[in-house]
Structures are given as C-alpha cells and as structure tokens.
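After this come two complexes, each holding chain A, first together with chain B and then together with chain C.
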Partner chain A sequence: MKLTEDDLYRASTQFKHWSFTPSQLAAQRQKTNIQASERVKAAVARQRAQRAKHFDTASASESERNGTPVPTDRQVDCLTVAEEKKLVDTFCEKAIDLGGFFKFPIEVTATGIQFLRRFYLFNSPMTYEPQTISRSAMFVANKTEGHHLTLEKYAAGFPKATTEQVLAPEYLIVQALRFNFDIRHPFRALKGGHLDMIEMARGNITPLPSNPEPALDIHSSMLKLPRKPNGPETNMTVNDLEKRITDAYSHASHILKTAALLTDAYFLYTPSQIWLSAHLLADEPLTLFYLSAKLPSSSPNYPKILATLRSCADLLSSHHSFSSPTTTPAEKQARDKKEKEEVQALIKKLRHCRDPDKMDLVKLNQAQKRDAVDAGGLEESKAKRRKLEREGYQKEADDFWGPELPRRENGAKAG
Partner chain B sequence: MSRVSSRASGTSTKRLAEDGDICPVCKSSRYLNPNMRFLVNPECYHRMCESCVDRIFSHGPAPCPIAGCKRTLRKARFRSQTFEDLKVEREVDIRRRVARVMNKTESDFETLADYNNYLETVETVTWNLILKIDLEATERRLRLWEEAQKAELESLYSSASRRVLSTADQDLQSDTQRVILKKSGVQRKTVSHSSSAADTPEPTAAGNADTGFRFHGLKKRVAPEPEKPFDPYGGWSLEPQYYVVQPDYDVDFITGAKTDIHHLAGGYDLRDFYSRALCEAFSGFGVFVQDEIIARENGVVERVRTETQAAASVTVGVRDVNMDDVF
Partner chain C sequence: MVISPVLSPRPNPPGPGMRALSTKTKTLAILNSSNAQTATAASTPGDPGRDLAEQMNDEVRKRFITGSKLGEGTYAIVYSGHYREDPSSLVAIKKIKVNQDYKDGIAMDAIREIKFLSELEHPNVIKLHAVFSTKDQNISLVLEHLPLGDLETLWKTHTISYTSADIKAWANMLAQAVWFCHENFILHRDIKGNNLLIAADGTVKLADFGLARSFADPGRIMTYNVITRFYRPPELLLGARHYGGGVDVWSMGVVIAELAIREWFLPSETDFQQLCIIYDVFGTPTEETWPGVSQFQFYTAPDNTPAPSLTLNSSAANGNPSQNTSQPGLKRAQPLGYWRNRFPLLGEDGIDLIRGMLTLDPLKRLSARAVLDHRYWTNAPRPTKKEDLPRQGGGEQKMGEDLKRRGGEVDTGRADKVARRLDFSAVRK
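Now for the complex of A and B:
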C-alpha cells in the first residue's frame, strides 16, 4: 500500500477540518458576526431593562416631575465582519511580538497565531476579548509544540495577568479548536526545499522517476537562470548560485514568519504551496525553475499548481508587513501609521460592544466547574439542566447495568 | 468405625495419637509443647513432628522411622498436610500429578465422545494409582506419555523457530533474486518450494514408538503461527513523487547539528530530518484545497464524502451553539 506526500496531507486535521474555500471563509465569518451581534444586542438590552426597572422604582416620580423621559440608550454599534477580521489580524501581529518577547521558537508563536485565527473563525472578538484569548492560545501552543514553560513564569511575563486569567479561557479555546492541535507549518518544508535546491545547484541530485533529466543538465541550466523574470541569461558560478538560493531562503523564511501567519493562507492553501509561494515572491525565476524540475511543464497539473501558487503569493504580498524590494521605507512607514490609527479606532469601538455576559472569564470558568464555590455564578436554568442531565445519565446506566441492588436488611432472613 | 470404638473404650493415649497430638516417633505431646507442628512426606504419608524430621533427616535421606515402613525419605519433601484425612491428601496429590501429565482439553479432540473416552482413561489411571492396582505398569505408561508429549512439543517449537528463520532468509533470497536476476518467476517458485518442503520435516518417528497411551480422535498438534515482525505503519509506506532523498546534505544550518554532541548522543539521525523536511516540502503540493473541498461538499468524491461527513457537519458549524456553551 503506497501513499504519496499529498495523501499524507489529506489525512491531517488541518486539511479535513480547517481548510476552506474563500467563500466558505467569508460565509462563516458573516455567520459568526451575526450571531455575536445578536447576542450582544440581546444581552445589552436585558441589562438596560434591568437597570431601568431599578431606576424606575427609585426615581420614577422624579423623572415624571421633571417631565423628561428616561434617556433611552442608543442602539449598540456592533463590529462589522471586516472590522472583526482586522482586529483579529492585529492581535495576531501582537502575538508575534509576544512570542518575540518570551523568545518562543517560531513554531510556538505560529501555532499560537493559528489557534487564534481558528478560534475567531467561530467566535467573535465582541464575545471574547482578543487580548485574553491570545494570551491563553499562546500558552496552549507552548504545550502542544512541546516547548515547556511553567504557568507562573508565563503569567509573570505580563504586567497584569494572573495564572487564573491565563487558564480560564483554555478549555473554551481547546473546544473551539475541536481538539485539533496539529498545525502543519511550512517552516520545515522550506528547509527541505532549500536543501533540495542547494544539492540541485551542486549537480548531485538523483533524478526523479517522473522527470529523468540528468542532474548535471539541471545544474548547468540552473547556473544560467536570469536574475529577474524574463531577464537576460546570466552566468553564475556555483558559489553565486548558492548565495542566491540562500538569500531567497531567508527572504522566504521572513515571509513565512510574518505574512503567511497573518493572512488566511493556512486556511486556503497547503504548507507546501505556502512555502513555494513565499519562495516565488523571494526569487521568481529560481522558484519557477525548481518547479519545472519537479513537475514537467507539460504536465496537466503544472498550470494549475502555478495558478495556485500565484494566487497564494498575491495573498501573501497583499499583507502590509510584506515589503518587496520596490517599497520604500517611507511608503511602508505611512502604511504602518495608517494601519495603527485604524486599529486604535477599532479597539475603542470594541469597548462599546462587548458582550456583557462574557466579560469575566475567570468567574465564568469557576462557575462552570462542578464544585463551584460561588453557587450564584451558575445560572439557575443551567444548574437545573445539569441536574437533569446527570439524572439522565444515571437512568441510562441503570437501563444498561440494572438498578442498584436493594440493600439486604438482615442476613438471617435470607438464610 | 474404629475411631468411635476407641473413643468408647476410653484409651486416652491412643485417641490423642489419632487426633495428632502425640508424635508417633518421639512421643512428645502437644500438651507439653504447644508449638508442635506435624509434617508428612508424600512418599508414605506417615506423620511425625517437625523436630523429629529435623533430627532424623537433616543429614541426608534416611528410612522412615515408623515401624514396618522402610521407605527412604528426604527432608525437602516433608510438608504440612492440607487435608485432615491423609487418604484425601494422597488422592489429591495423585490427581495433581496425573493432571499435569494428561492435560488435554476438549478442543484437542475431534469429537466430544473421543474426549470423554480420554477422560475415562485418565480416571482409570488415577484410580489405579490411588488403589495401587497395576502400579508398575501404570507408572510406566504415564512416564512414557509424558516423555512423548515433551518430545512432540520440542520438535514442534524447534521447527517453528527454524521456519521463522528460514522465511526471513527466503525473503532476502527472493528479494535479491528479484533485484539481481529478474528472471522467470518459475525458477524462484521452485526454489522456494523446495526450501519450504525441507523446512517442515515430517513429524518424527514418534508415531510408531510406545507413547504409553493411544487416544482415538486426538488432533495433531499444530505449531503456532510465527509472530510477524511488527510494522508500525500497518503495511503502508510512503512513495514520494517529487523528491529523492540524498544520503547527505551540506547546508549552513545543519553543519552544526552534524557534529554537535547533544544532537548525536540521543541517537538523532540527520537522515530522518532530511526525509521529513523533504516530505513536508511536498506534502500537499498537489492538493488543491478549493477544488477538493468543493468536491467534498458536493459529495462527488464518494470515498471522501463518507469519511468527512462528520467533519463537514462540524466545519459548517451546525453544532456551534453547543460548542459555545462552555460557560
């Protein structure tokens, strides 16, 4: 029984549960946004009604006397889908800084960011505050990537965060991730590709069964690769070529550590396609040459793969962190400034449309546990439902195992 | 009977001896020595106290001190009795011994009737031993049977292990033949045929020898299937389409690891990294997420559909409300 590399990827949860078409992504975000907005509005309305009632009994006469009606608050201004996405993107970016601050390996940070993105596909920043969630998601990522760090040490890294605050949303996050902890990153893939290219440049690669072009031919035509797409042929030495490949590697690696993490690339493309796209952005002629060595351009899949890579590359280069050699520092600075202002406004807006029910996650987490100290934390209906569920389980067990045996009162009677 | 009468007659010493409170050898009684223990030897089942055993048999085997019994006893075989009645004790011992040798089960026989006949024989043997009928002959048959069984098992296991070795051998052989010769399959077939015939020898000539007993309908023992080498991938293997792993790579970021003792001490093999990195480089290369997902949603790919149905229902978000209900 043979498997191809692609079959391996198809078996991953990333492909099975966390890959989408752009329209699916948009639809899901829309749905999440609508659900969250409705909840926020309903919760706020309920709170206001409560307050109004309180207010009424206290000062109804007063307001009547003044002839001014109780001031009706204006409608809650909820975030739009685009605004939500922007917020999430921003916090993903902040997560990179967070990883840098704690000196996490890039895999940890990258996993944390993907957890965050997956989480906010089904939850809205209005419901759960991104800052709290990103803190916990990063901690979960530490654990899943095998980078061990004590909770105390981690919590101490934040100016104001307790260990409870880090842990409180943990189960929520893990559940939103559908317990899929495996994130396939393109980092090692890029390294593998780099190894392959270097050996190719040196001319000691074993020809592929599907493309039996001798290694030396590949080697010699590789030395003539133009610098720019459609540029003139060059005549590099092997050392030049190796340097060129290494440069492309570090550029691509940078893209993978920034733009690839901060866009929807992981949802829309496979890690293999992502690293190749990043490499395409870094050095187009080289990458195209590499591709043609792997897959003859006569192959029916070739144009399709190239189109996929190009669209992925477009996505990566559309991110504001992407800087091609043509962008000037001033341009970039202006772009960053504009970005920052927008985000500031958004965070301000978010403050007014938070879901009041989900403000204190620590308290909610405690209440959710069975032996909650604070019994009032659990809504009555929920407590009742839990009790019913428990009784249901008991009944099911009785149906299966039979009811508990009646205790025998007296041994002598039976004897 | 005798017990009742002796009690009635009132001879207290005799009664005490029977109840086991006086050692028949040294006549010391439990009345004087409350910690006294009595032991028996399954050779003749004569009782005596522990200190007598120590005294008489410490220097090696010696004859039983009870009058009229001349059996040679060894100290090591003395033990405290389990059953009060020494007859029962003896019968249990005999049954245990017979059961160890004659240990067939129903599944070893063709029919239930055959098995019952076998049990009948076993019971006869047991009672012969208990009642000391044909003692010599029965013991001899039992011994022959035990030896025959042992010999049968040994030949079975040695041939089984030989077979494991030879199949490994054969695999290797045929592999090399496939690679080097690439000749007609007929030739290889004959080779493997002849070798397999040589590997499984005919059950030894035990068939004619005296095995003590002969049972009708007893199945021939079959050697258990040799255990196959464990394959963690369950028969699956990776066949890369887009790369061939080179034996070695020389790039800046791995030169350190090649000589770093921390990497090498744990048995870390850079070749594992090479194959993993290259596999990841192309894992999903030809997976067009959009097309495949649309196909999956539409159920065009039947194989994928059934397996991802659950997944689809999750991703579509049917269970969202529930999922959110952690708090």
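Now for the complex of A and C:
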C-alpha cells in the first residue's frame, strides 16, 4: 500500500472541515454576521427596555409629569462582514507580534492565528472581543503544538490579563474549532522544495519520463534562467544559482510567515499550493522551471495548477505586508498608514456595537458551569460541592470587588 | 511524490459531514432568529441565544446516548454508549475529567489525543467517532467500541492458547498501525500491550494517543521522558533529545516478543535497571556498534574489564538473561542461540524481524516501512485470518480499564512502574 501526500491531506480535518471555495467562505461569514448583528440589536433593545422599566418605576411620576417617553437611542450600527474580516485580520497581525514577544516557534504562532481565523468563521468580533480571544487561542496553540508554557507564566506576560481571563474562552474556542487541533502548515513543504531545488542546481536531476531532454541539458538551462519573467537569459555558476535559490527561499519563507497567515490562504488553498505560490512571488522563472521539472507543461493539469498558483499568489501579494522588489518604501509606508487609520476607525466602531451579554467572559464561563448544575447535569454530591465552591468564590470576589453592580453599569464600564 | 503537491486537491466542497451540519445549523439559526425576541426575552441575562459553535456541538452530542459506566481512572471516565439513531451501533464514551491539580485549562493529554486521532483513519487505529463537550465543560471522546480486551491480557490469560500464525496476525496489525502513524508523521510514544485493543471481529487497534506528537523539525528538542519503561528504547533511557519513528519500532518489538514468550520481555524496576536489562540481552553499546552513543546525557562509559563472558554465555545457552544486572562492565550481545531458545514461536524469520526492530542504534533499527517489507509476513506460516484468531472475553469492563488510563501508565500493580508523566521542565531548559 502506498499513500500519496494527496491521500494524507484528503484525510485531514483541515481538508474535510476547513477548506472552502470563496463563495462558501463568504456565505459562512455572512451567516455569522447576520446572527451576531441580530443578537447585538436584540440584546441592546432588551437592555434599553429594562433601563426604561427601571426608569419608569423609579420615577414614574416624573416621567408622567413631563409626558415624554424615554428617549429611544438610535439604531445600533453593526459591523459589516468586510469590517469584521478586517478586524480579525488585524488581530491576526497582532498575534504575530505576540508570538514574537513570547519567542514562540513559528508553528505555534501560525497555529494560533489559524485558530483565530477559524474561530471567527463562526463567531463575530461583535460577540467576542478579538483581543481576548487571540490571547486564549494562542495559549491553546501552545498546548496543541506541544510547546508547553504554564498558564501563569503566559498570563504574566500581559500587563492586564489574569489567568482566569486567559482560560475563560478556552471552551468557546475549542468548540468553535470543532475540536480540530491539527493545522497543516506549508513551512516544511517549502523547506523540502528548497532542498530539492538545491540538489537540482548541483546537477542531480532526474528528467520526467515524458521528457527526452538529458539531465545535463536541463541543468544547463537551469543555469540560464532569466531573473524576471520574459527577461534575458543569464549565465550563472552553480554557486550563483544556489544563492539565488536560497534568496528565493528566504523571501518565500517570509511570505509564509506573514501574508499566508494573514489572508484566507489556508481556507482556500492547500499547503503545497501555498508554498509554491509564495515561491512564485519570490522567483517566478525558477518556480516555473521547478514546476515543469515535476510535471510536463503539456499535461492538461499544468495550466490548471498554474492558474491556481497565480490566484493564490494574487491573494498573498494583496496583503499590505507584502512587498516585492518593485515596491518603494514610500508606497509601503502609505499602504501601512492607510491600513492603520482604517483599523483605528473600526476599533472605535466596534466599541459601540459589542454584544453586551458577552462582555465578561470570566463571569459567563462561571455562569455556564452553574447552568449545568441547575440543569441537573451533575450528581447531587458533585453539585453540592460546586455550589459550595461557587459560594466561596463569590464571597471572596464580593469581599474584594464589592457586590455585583446593576447590569447596565456593568455593560457600560466594560465597553 | 514530488508531483503531488501541485496536484493537490482543490479547496473542496466540504465533505458530507460538513454539509449535513451546516444545513442543520442553518435551520437552527433560522429557528433562533424567528424566535429571537421570545427566546432572548425569556432567557436569563447570562444566556442569550446560543452560538453557532454551541449549536453544532449540541448536534454532535445529541447523536449519542451514554450508557453505563465501564471504568473510572484519574484521567477519564469511560461509559458504554451508542448512536441515538441506531442502538446496535456501539461506542465507548471517554469523558475527560477536569483535573483539579492541573490549573492550565484543558489537559494536554486530551488535546493531543483528540488532535491525532481526528487525523488518523485506519483499520488498526482506534476510531474517534466524534468529540463533544457537555454543559459543565467536560470534553467527551466518542471512541470505537472494542470489547475483546487487549494484547497484554491475551498473553497473560493462560487458558487461551495460541500459535505462531496467530502471533503473526496480531503483530502484523500492530505493524500496520505504527506504519500508518509514521506515514502521517505522528509518533505514538506509548506502544504497549494494553494500548492494543481488540475489536469484536478480532482486529487489533492501537489506542491511547495521549503522549503522541508529530515528528519534530530537525534541531527541535523533544522530551526523552516518554513511553512506559518496559517498552522504552535505549536512546530515550540515555536521554536523547532528538529521535524519530525508531522509538515506536522498539516498543513494537518488545510487544511482539512478549506475545511470543507470554511474559514480560524486559521488565525492570528503575530506568537504570532498564538499561542494564537491555544491555544484558543486546550487549553494551560502544562507539563502534552505535556511533555517537557516548554523547548521550546519561551515558556512562563501561569498565573496560569485560564481564565474565563465560557465565554470560552459559546463562544465554540456558535461555536466561544474565542476572548480573548491576555490573557496569562491557556486556556481549546474546548469541542467536539465545533467541532460538527463547522465541521458538517466532521462527527464524520472526527472530530476524524482532532483532531488526530491537537494534540498539536507532539509525540501524528497522523503520516501520521496513518492518512491513520483512519476509516474516510472507513466509510460512500464513498469519491466521482475523475471524479465526483465539478470543478472550476481556469484555467491556476491560475496555473501560484500558481507555481510562492516562498515557504512560501500566496497571501491573507495582506502583513504581506507574505513570511516566511528561516532564516538561526538562524540555524548557
């Protein structure tokens, strides 16, 4: 029995549950957005109704006297699908910095970012605040990738996060991930392709069965590869070529650690397509040469594959982090500045359309455990123990923070 | 293989599972939104409409009925169960306990087990039907129902007799499981008789992925503190921080040896003793037989005065490993006669195979692929057909016992053998 890489990939949860066509992806985001918006509006309306009621009973006579109803606030301005995506993208980018700060290996950071992106396919930033979620998603990624870090040490890395806050959304996250923890990254594949190319540069070439050209000729045409598509032939030594291959690797590797993580690439393309596309952006003639050494360009699959790679490359190069040799620093700066302004406006907008019911995840987490007890989901003894623990905990919390505030103020404060 | 990347599957229409789920969630979402007003108004402030993810989880949970408790360990409780739609379709439900001492949220063992089992689908690997969480935030794994005990109980139960052909059949299923894991770049790191469960039809299935990990990138360090001691290869005992599939192949060799002799093959009380026992059989490794061995953290150079080779050889001829376990002297490997004496059930081919799997130097040890290519499988006797294999009545209780264990535990009674927990403090140095 022989397993191909395709067989293996097709059996992965990434392929089975987390690969989409662009329209499927858009539809899922739309669905999530609609549901979240409705929920925010309903929750806000309910809050206002309560506030009004409170107002009515507290000062019924006063409002009667004035004869004016409680002023209705304006409609909540919810985020659009595009705005939600932009916010998620931004927090993915911040997650890279977070990974850098903690010196996580790249696969931990990359996994954490994909967790975040997967989470927000089924949840909206309006419901769950991205900063909180990314912190926890990154912690789950550490455990998933077997890079152990104690919760205490991790939480201590943040100026304002408690261990409880890091853990509170953990179940929400793993549930949204549908308990799929394995992320297939393109890093190793790139490395493998790179080593393969280096071997070819050294003349170790096995021509395809369909190719009558002797290996020696293939090698010499490799040494003449133009620098740019349709450019003039070059005349490289083996050393020159090796250096060029290594440069392409570094560039592609950078793309995999930035743009590939920060776009929908993982949802839309396979790891192999992603690394080849990044390599295509890094050195097109070399990548095309490599491709044709593996698959005859006469094959009906060749144009299909190339079209897929080009569309993936377009996606990667559309990210603001991408810079090709032709991007001037000024251009990049302008792009980054525009990006920053847009994001700031969005964060401001988010503040006004957060779901008031999901502000305090720590409390929500406790409430959920409590509900399970109320629902009789636990044996009596266990329930009793939980109750005692909870009372103890609440008493402790009340001693420290004072008793719970009325809901309205609670919401306003957290906003 | 190099062609395959570019031929890789297109981002697909998601599989049937996904489609089924999404239609269900859609109807639920619609239901929810039409009822939004009443639903939210009625619910307590802390419980507004449910999340999409929560709805999906509930859908999964509702597909199963949990039955009676089969066993309870420190790590998990195992229940019998079945699909709601089809009560004859049995499953085992492993509910991960929330460990009061573990303050870091969801346990790594649980994450690892779910992570790897979700990716592996093979007749000789326990099937993970589904995962769901309950309201009180316990994670449950819905696992394949494997009621016929495990390989360890099989050799321990002396009322069952079995033949060379039976051993070959069991060993082959094990070898395929390990090969498949390695093909998927997954190291199991806890292969042993009682992690090899037997299905109702006699199929052997590798279970307990609580210590598994994927192959590390070159240069990344790993912990050596894995694999139950009797099955732990010499490189881990010596403190290797870089290793590969060879560790599982060694464990597999020990399991097959135990099946053949119907007793522990390499039992010991301590890690140091384990090394001595291994050296008794395979000889003390030297730079000649195992280049690089002296570089290991726990390597100690043997005295150059060789252990009295006469006694060693004579005990070997009797088929007894040397009792002289604490002598650090240079030991010689047991000769072929020892193997023929001790492993008559394996035959010449089988002996060659397990010696290939139990080679001290992991680089010279057979790979999982090479194990499957060995002539042992194709030469006579033919492995027994699954349906004709001897059965034992381990029953559901045994399955409960086996599934509830945490990685690295053996339940043979002696406390000091129990539980090699992963020690990360060493890794983080």
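To be clear about the criterion, the second predicted complex is superposed on the first by the 352 of 415 C-alpha atoms of A that agree within 3 Å, B and C clash if a C-alpha of one lies under 4 Å from a C-alpha of the other, contacts with A are read in each partner's own complex, and residues count from 1 in each chain.
By definition in this document, a residue touches a chain if its C-beta (ideal position, glycine included) is under 8 Å from a C-beta of that chain, and two chains touch if they have at least 3 such contacts.
Keep in mind that this is a model prediction, so the values were computed, not measured.
In the three-chain model built by superposing on chain A, chain B clashes with chain C.
Of the two partner chains, chain B is the only one that A:246 touches; chain C does not reach it. When both complexes are overlaid on chain A, the residue A:330 reaches neither chain B nor chain C.
In the superposed model, more residues of chain A are touched by C than by the other of chain B and chain C.
In the superposition on chain A, contact of A:179 is made with chain C only, not with chain B. In the superposition on chain A, A:196 contacts both chain B and chain C. Residue contacts after overlaying the shared chain place A:163 against chain C, while chain B stays out of touching range. In the superposition on chain A, contact is made by A:4 with both chain B and chain C.
Superposing the two complexes on chain A places one of the chain C stretches 166-174, 184-192, 274-282 or 418-426 into chain B: stretch 166-174. Judged by the document's definition of touching, chain A residues 3-6, 8-10, 15-17, 19-21, 24, 28, 31, 35, 122-123, 127, 171-172, 175-176, 178, 188-189, 193, 196, 268-273, 275-276, 294-295, 301, 305, 308, 358, 364-365, 367-368 lie at the interface with chain B and also at the interface with chain C. Every residue of chain C that touches chain A in the complex is listed here, in rising order: 1-15, 17-18, 22, 26, 29, 32-33, 36-37, 40-41, 45-49, 51-54, 56-57, 103-106, 108, 111-112, 114-116, 118-121, 131-137, 139, 183-184, 213-214, 217, 220, 424, 427-428.
For chain B in complex with chain A, the touching residues are 235-244, 246, 249-254, 274, 276-290, 292-294, 308, 311, 314-315, 317, 320, 323-324, 326-327. Put simply, chain A touches chain B in their complex at residues 1-6, 8-10, 15-22, 24, 28, 31, 35, 122-123, 127, 171-172, 175-176, 178, 184, 186, 188-196, 198-199, 204-208, 210, 246, 268-273, 275-276, 294-295, 301, 304-305, 308, 358, 361, 364-365, 367-368.
Interface residues of chain A facing chain C in the complex, by the touch rule stated above, are 3-6, 8-13, 15-17, 19-21, 24, 28, 31-32, 34-35, 38-39, 42-43, 46, 105, 122-123, 127, 139-140, 143-144, 146, 148, 150-152, 163, 166-167, 170-172, 174-176, 178-182, 188-189, 193, 196, 267-273, 275-276, 291, 294-295, 301, 305, 308-309, 355, 357-358, 363-365, 367-369, 371-373, 375, 377-378, 407.
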